[in-house]
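Both complexes below contain chain A, partnered by chain B and then by chain C.
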Partner chain A sequence: MEMVYIAAALIIGLGALGAGIGFGLLGGKLLDSTARQPEMANQLQTKAFIMAGLLDAVPMIGVGIAMYLIFVVAG
Partner chain B sequence: MTGFRKAITHVPLKEWLIIEMVVLVVLSSLWLLESRAAGYSAFIGGLIFVIPNAYFAHRTYRFEGARQMQLAVSNMFRAASIKIALTAIFFAAVFTLMESVHGPALLFTFAVMVAIGTALRWLIRPRPQR
Partner chain C sequence: MAADTPVEYIKHHLTNLTYGKLPGGYERADGSVVEEATWTFARTGQEAADMGFMAFHVDTLGWSIAMGVLFLGLFRFVANKATTGTPGGLQNAVEMTFEFVQGIVRDVFHGKNPLVAPLALTIFVWILLMNTLKLIPVDYIPSIAHALGLEYFKIVPTTDPNGTFGISIGVFLLILFYSFKIKGVGGFAKELSFNPFNHWSLVPFNLVLEILALIIKPISLALRLFGNMYAGEVVFILIALLPLWIQWTLNVPWAIFHILVVTLQAFIFTTLTVVYLSAAHEDH
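And now, the complex of A and B:
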């Protein structure tokens, strides 16, 4: 049964790690490109927002599966 | 802080929400053919995606423009963290508080809504107002 908790922890932890790295890169690039071309700020923010949605998708599904493992499979 | 707010970009939050809710109702109706619990679980699964995502979209566009980009980026980070936390809390609440949950319906509808939400944001983009 402990393996289920370890699996859930791995899913959430690795998902959070990936999302964190992705958001860090995305935010850094957004600030960098806005500093280079301030007149493009709105378009860049829109593109960053769309990419943030894509970036969030996999960790969110991972969270759902992990919660299912914790509360239904193990519980 | 709110004094710096500008409404430069029109975020089509309403359009996104309406299309997502229509898709959610259709999916729930399809799951309802399986059983009543499956339809209910599918609807809840879709709502678990829609509510945190609407908050994320709302919060990301609090600040706009090159001068406030630092605030916008920090807001986006916070919004993403809160979105994932809300998703986890909603899932935990559903699995502990709901009596009969149809797991496959809940997770499948959630996954489909994630894909549709991402596609919608790509297809119906926020428009800069001129």
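And now, the complex of A and C:
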């Protein structure tokens, strides 16, 4: 049963890693392009939010599954 | 609540109020035996699982319909009472929502179809209302339901895959309908067969790729919404297991974060629906 904890740790950890890299790229590019063309800021922000939601989904689902594993499957 | 250990508590909160058919001769949780096949409410999670595919999640159905009625009623009420003078707070909120969705549709949708904007508004407000139910503390409504004699009660329809798949399959059918209607059967087939690689020898490969891409659309729509809401719900339930005096330190930040997630997921579902429908309206 201890393997479940390792699995949950991997799910959350790798999910956080991917999400961190993804949000770094997304936010960096957003700031970059807003600084270059401030008049596009609103449009870019809307699109960045769509991307943020898509990006957010996978690690969040991972957290849910990991919690389920820790507290229901192992617990 | 019939929950003594944390695991039971979590499982209890993640089980829907299921109405389904128990087969004849089935032994129920309390030891009694069902004489012949009957339609009834499940009293344990195991019974709900044994009811199989043809079982209704009454709480999901009820709350989603209630939220739909609330949405229609509220918007109708505001539309009837709308003034050109100084609008009240409610009218402002409704107009802002309306203009927000109108903006999405205007930016993203390039075809001509009077159905898309109302559809987008319905999906956005409906999902937003259903998701918002989650900000009600996890024990309030289940305790009331329990006092009324209902063993299981899960109020957020979007934490049930049946709810999210219901919406996304509806969207999928509309995508298919408009693809056939606008492009014609030949045009749609041509788009599926020649899209990534425009060469006759690669048609089977293209077909596999495009049909997969088509089928994945409703699945990803539904699972994204379900996954986000379910994960958040699990965390809320875990927080509810802590001692009462410490709960707010975790509950408040998570709830505030969830205001963002709730709106964002409704927004993304709407935007992607409009994007998919826009792609279905593009005639080459």
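Quick notes on this structure:
As a convention for this text, the second predicted complex is superposed on the first by the 75 of 75 C-alpha atoms of A that agree within 3 Å, B and C clash if a C-alpha of one lies under 4 Å from a C-alpha of the other, contacts with A are read in each partner's own complex, and residues count from 1 in each chain.
By our rule, a contact is a pair of C-beta atoms (placed from the backbone, for glycine too) under 8 Å apart; a residue touches a chain by one contact, two chains touch by 3 or more.
Since we're looking at a predicted model, the values are computed, not measured.
When the two complexes are overlaid on their common chain A, residue A:L54 makes contact with chain B and with chain C alike. Shared-chain residue A:I6: touches no atom of chain B or chain C.
In the superposed model, A:Y68 makes contact with both chain B and chain C. Contact with chain B, but none with chain C, is seen for A:A41 once the two complexes are overlaid on the shared chain. Applying the stated contact rule after C-alpha superposition, one finds that A:L25 touches neither chain B nor chain C. Contact with neither chain B nor chain C is seen for A:L14 once the two complexes are overlaid on the shared chain. In the superposed three-chain model, the partner touching more residues of chain A is B, compared with the other of chain B and chain C.
Comparing the two interfaces of chain A, the one with chain B and the one with chain C have residues 46, 49-50, 52-54, 56-57, 60-61, 63-65, 67-68, 71-72, 75 in common. Only residues 6-7, 10-11, 107, 223-224, 227-228, 230-232, 234-235, 238, 261, 264-265, 267-268, 271 of chain C touch chain A when the two sit together in their complex.
Residues of chain A touching chain C in their complex: 46, 49-50, 52-54, 56-57, 60-65, 67-68, 71-72, 75. Contacts from chain B toward chain A in the complex involve residues 8-9, 48-49, 53, 56-57, 60-61, 64-67, 69-70, 72-73, 76-77, 80, 83-84, 87-88, 91-92, 95-96, 101, 103, 107, 110-111, 114-115, 117-118, 121-122, 125-126, 128.
Those residues of chain A lying in contact with chain B across their complex are 12, 16, 19, 23, 27, 30-31, 34-35, 38-39, 41-43, 45-46, 48-50, 52-57, 59-61, 63-65, 67-68, 70-72, 75.
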